[in-house]
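What follows is a pair of complexes built around subunit A, which joins subunit B in one and subunit C in the other.
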Partner chain A sequence: MIRDPEARTGAFASILLSPITVLYLLFLLAPISYFLAVSFFKYSPAELFIPGFTTENYSRLLFDSYYRNVIYSTFRIAAVVTLISLVFAYALAYFLARMTSGWRSLLMFLIVAPLMTGIIVRTYGWIVLLGSDGLINRLMMLVGLVDSPAALLHREGTVIVALVHIMLPYMVFPIFSSLTSQDPHLVPAASTLGARPLRAFLEVTLPLSRSGIVMGSALVFTLTAGSVVTPQLLGGRDVTMMGQTIYNLVLSTFNWPLGAAVAALLVLTQFLVISLYFRKTRGAH
Partner chain B sequence: MHTDIETSPLRPVPVAAQAVGQRPVEPKIDLLPIGRRAYGLLITLLYIFLLLPILIIVFASFSPDQRNTYALSNASLHWYREFFASNNFTSAFQFSLWLALVAAVLATIIGFITAYGIVRFTGRGRNLAQSLVMLPMMVPHILISLSLLLLLTVLPLMELSALIIGHVLICLPFTIAGIIASLEGVDPDLEAAAWTLGAPRWRVLIEVTLPLIAPGVLSALIFAFIISFGDVYIALFLSGPGVTTLPVEIFSYIQWESSPVIAAITTLQIVLIVLFGLFVERLVGLRTAMRL
Partner chain C sequence: MTDNRFSRRSVLRGAGAVAGAGAIGGFGMTSAKAAKDLRVLMAGGTWGEWVNKTFADPFAKAKGIEFVWKHGIGQEPIVMAQRVRPQWDLSHSSQTKAGQLVAMGLYRPWTADRIPNIEKVHPSFRYEQLVGKCHTPYGLCVNTKRITRPVDSWLDMWDPAFKGKVAFPAWNWQGEEVFHAINIALGGSVENIEPGIAKFKTLFKDNQCKIINNVEHTKQLLTADEVWIAPYFGARTEQAAAAGAPVEFVIPKEGGLSWIWNMALVANRPKDSLELADAFMNTTLEAEAQIAFARLTGYPPTNMEAMRNLPPDLKKLELSEADVELLGKLQRNTDYMAMFAFRDQYVERWNKEVLQAA
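Moving on to the complex of A and B:
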């Protein structure tokens, strides 16, 4: 008698998926919920926080102009970085999706390689490049653009350039996959029907790559909004984003409840952006 | 080639003109009025933009003096000697290697079990399960780290174990996605055949499935290692004095000063990562390894 291999599917699934379920419940969901609950606790300099319920942390975020500015600049920087990365990444992804030669895997590797080196290495690269005796300053002095080294670090523009550099690969790959999963006959079909290349691109290729665009944008926006290291090292005191604020509140001021409130706001935004992504991509299929 | 069709749109499309089974000729990339040359220039500039900040570190690591200069004529290995002489950095480097290895092995084992469960044993709930396991990627890593730090105040947990758990959590989405991708390439009939011939499930798994996806599992391991090794957000809050990872050590150092010794360390790191990356590329191709 041949038994059906799929017969006890449900039981096996729960056995195989139990380690990860326990891991996520115990070390991801429970601690994060507790941490978010702390955002409603009272701040106490001696004990970090006192369990209870207060909304004062949130009202401080909304009414204190310092925190309002931090939130505003975080979302502004995240939006600008997402937009610039989208344009550049589309150009790269389109190029990679259209090329057929053996160079493709090398050129793809050159996009992944920076991603693999880690955030700290890439941020350090910008410090070396833009420092007072960095390459950019030397070039500018050589051509006589400036007389003495210009202060390129500690500017919002620098933070944005470095963040675009860090985020670009995260945008290229989703767009690349949505471009390569398109039926390659569609564009020739459109041109057979009389569409010029630009029109075929705007009416066929671009709308069909929407899921990649939305996925990449959601990823880049949320990663940028949560970044700490890059704005801290390149922006210094002049550019403050939410991630840095959490870092400083928790490790320097020990104001856990306020830090948790900033983090809760960050997660809420993340959640909104991702649910937007799911709605948009479902519409695309 | 399409000109005659454009001038007389009523003429039937010459189907036979295109050989059956051949990829249709795609139009040239003339999207914008700027044309192909400008597009090529843009791509070149983007590659320079992507690679320059990393290449410049390699040059700066051979700098003969304190400044991050790039004189090739008087290159020196001074900063590499400095690195090997500095206890802080070498021990952080070793600790990072050890931590990344432990986290990668754990994440690969759990990832394999999970991926196998999802691909073979979930029916209609598969999409949901597959998006739920990606959870650590959706949550900002700084929040995972802080929550684990908070957990340490409640549970009698060692700081080191919290660090390992944090790294396993952030590596899991990548190992699961990579192994799911390789499992999808295995014909389930092969497993069913072995099963019908009387092999118990665990034997099917070890003797049929695992050898078939070995390259995928190995590349997931390497990928998890790379992610853990480069992480700064989890370790930022969870690594204490004496057990600091390399990225955190570098972060706290360059907040105060920038010296070519950091360039030397990061160059070694870049070489290591590139070698690993090339190895993954040889094994399964980076695209499969990175599929999310």
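Moving on to the complex of A and C:
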């Protein structure tokens, strides 16, 4: 019989946490461990892989210019999308947090609404919009900006724009949450102490919304780095990201060891980003 | 880097060993009970509905069994993951992937003693690893509004007049097969892809070729006027034309292609399940069923008896012996078993020497 209340709470917490722990062990840690192991196996076309130990797959990733480029462009695109999303999302979240009218709910619904449509449909929407015969090209030709349709598709920039559009809600909500949880008297207090609005924002509001910024950035960075559909359909031959490479290696070429090595590198980076989040927000919590 | 020293023979030798191991693993699965269901992995959507209506429902009724479906694309990894205890009887695959899985001992070859209707399919479209239930003629889709000169060759994609308006399927979609077909037309072989690599370098670099990733993506790019000429399916081109798009389908003079659409036979299942799967696949090659399927899909049958006896409303689908010969010309010379043996090396050469260099 446990008499100590703290110990009893601990035991109760363990019981409550056990289903999710089992779930994580079975469906997250076990598959990750499996593909980590496979990433050190040797590839064989007729057997998928030969168990053993080789660092060949990682050497290929790190020293082969093709795969190095894929890794570099993945993290570069993820960083750019994160940065752009942060700027737009912060402004939007700030505006929403300060709103008091009933329009706020409607606006928040409009931010969430795109998430209710499949990513493939949204990506095809961009093709319709940016194609040679698309709305943007027609408008540009109408106002005399260009004589013939501009090539707007199959560029890294197009992929970035589409990804920002897809990722924006994931950045807006954590920031919105951190802004609305701030004490509303802090900024007026700073003003009474002589701080101008910009200074009050930079020294009070912004630092206190750090947890939302870091959380949103971690989410957007990791989700972007793992993108498959958007770069595949909008990037054409010019953009290849790690998600696409994993998809192709595992489902098409059937080179599971190399696919597992790319996946391991991606997951490792995502873990690092998440750890960074916990480290950076420890104080904020 | 991939080990370049293996040969096709060594791959197949290794595969034999795996097949043996798989067979041992499968012993425990053999059951004395009659199979009560057929478990099938295949893409769903309209194809799933059509297959169900034409082949599966009548078969289930006749045999008193049920079908268990798992819908989705790219399901071969499931068969691979279950290599010791396979849980599915049939898996919808392409001929290249089926080749690899036959070599791994995970799919069974098709033989006439088990599936007699194979004999009725044109030799160009029956392979050891897969036999198609319908033809899916594949050639060039041409925008006739933009391209006014006659197009009759794969090499027309290299015309500088179409710079930036030409597209080629992604390697993991149909690119691999189309590349090999054109490589063969250029004098190469599955074991020698130098002519193809050299030629495609210029298509991507000089003619600014785009990548198309699937049927819908191609349709979108054709409609958006982003692409004027691209390898594509005949029936899809016809659908686009019927919807008002200024496109026409051309079977190139070097030879077109026809995808082998059917289910591969998963190995190492209980004996009764194997027999049931063979019997079901045999019905997909029957003339009457294929005519019904052609009516739903708009794709011609592979059974030549069905082709000769198409009813008047389906006559437009008829392919003459000469058409079938033309579709099979390049395909007959494609060694799908060799293709998979070198796939890892070839995709890397494609990525680096063709796409990255462009």
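The rule is short, and it goes like this: the second predicted complex is superposed on the first by the 260 of 285 C-alpha atoms of A that agree within 3 Å, B and C clash if a C-alpha of one lies under 4 Å from a C-alpha of the other, contacts with A are read in each partner's own complex, and residues count from 1 in each chain.
Here, a contact is a pair of C-beta atoms (placed from the backbone, for glycine too) under 8 Å apart; a residue touches a chain by one contact, two chains touch by 3 or more.
Predicted, not measured: the structure shown is a model, and the values here were computed from it.
Once both complexes are superposed on subunit A, the partners subunit B and subunit C clash. Counting the residues of subunit A that each partner touches, subunit B and subunit C differ, and the larger count belongs to B. In the overlay built on the shared chain, the residue A:73 is in contact with neither subunit B nor subunit C.
Of the two partner chains, subunit B is the only one that A:20 touches; subunit C does not reach it. Contact with both subunit B and subunit C is seen for A:133 once the two complexes are overlaid on the shared chain. Touch criterion met: A:149 reaches subunit C, while subunit B stays clear of it.
Look at A:60: by the touch rule set out above, it reaches subunit C but stays clear of subunit B.
Shared-chain residue A:230: touches no atom of subunit B or subunit C. When the shared chain is aligned, no partner comes close enough to touch A:217: not subunit B, not subunit C.
In the overlay built on the shared chain, the residue A:253 is in contact with subunit C alone; subunit B does not reach it.
By the document's definition of touching, of the two partners only subunit B reaches A:105; subunit C does not.
Within the three-chain overlay, subunit C meets subunit B in a clash at only one of the listed stretches 2-10, 20-28 or 38-46, and that stretch is 38-46. Note: residues 48, 124, 127-128, 131, 133-134, 232-233, 247, 250-251 of subunit A belong to the subunit B contact set and to the subunit C contact set alike, using the contact criterion stated above. Residues 1-3, 6, 11-12, 14-15, 18, 74, 76-77, 80, 97, 100, 103-104, 164, 170-172, 204, 209-211, 213, 216-217, 220-221, 223-226, 340-344, 347-348, 351-352, 355-356, 358 of subunit C are the ones that touch subunit A when the two sit in their complex. Those residues of subunit A whose C-beta lies close enough to touch subunit C in the complex are 42-48, 56, 60, 64-66, 69, 124, 127-128, 131-134, 149, 151, 153-154, 232-233, 236-237, 240, 247-248, 250-255. By the touch criterion given at the top, residues 2, 5, 9-10, 12-13, 15-17, 19-20, 23-24, 27-28, 30-32, 34-35, 38, 48, 88, 91-92, 94-95, 98, 105, 107-114, 116-122, 124-129, 131, 133-135, 162, 165, 168-169, 173, 184-185, 187-188, 191-194, 197-198, 200-201, 222, 225-226, 228-229, 232-233, 243, 246-247, 250-251, 256, 259-260, 263, 266-267, 270, 274 of subunit A touch subunit B in their complex.
By the touch rule above, subunit B contacts subunit A in their complex via residues 2, 5-6, 9, 13, 23-32, 39, 42-43, 46-47, 49-54, 56-57, 60, 67-70, 110, 113-114, 116-118, 120-123, 129, 132-133, 135-136, 138-144, 146-151, 153-154, 165, 168-169, 172, 191-192, 195-196, 201, 226, 229-233, 236-237, 247, 250-251, 254-255, 258, 262-263, 266, 269-270, 273-274, 276-278, 281, 285-287, 290, 292.
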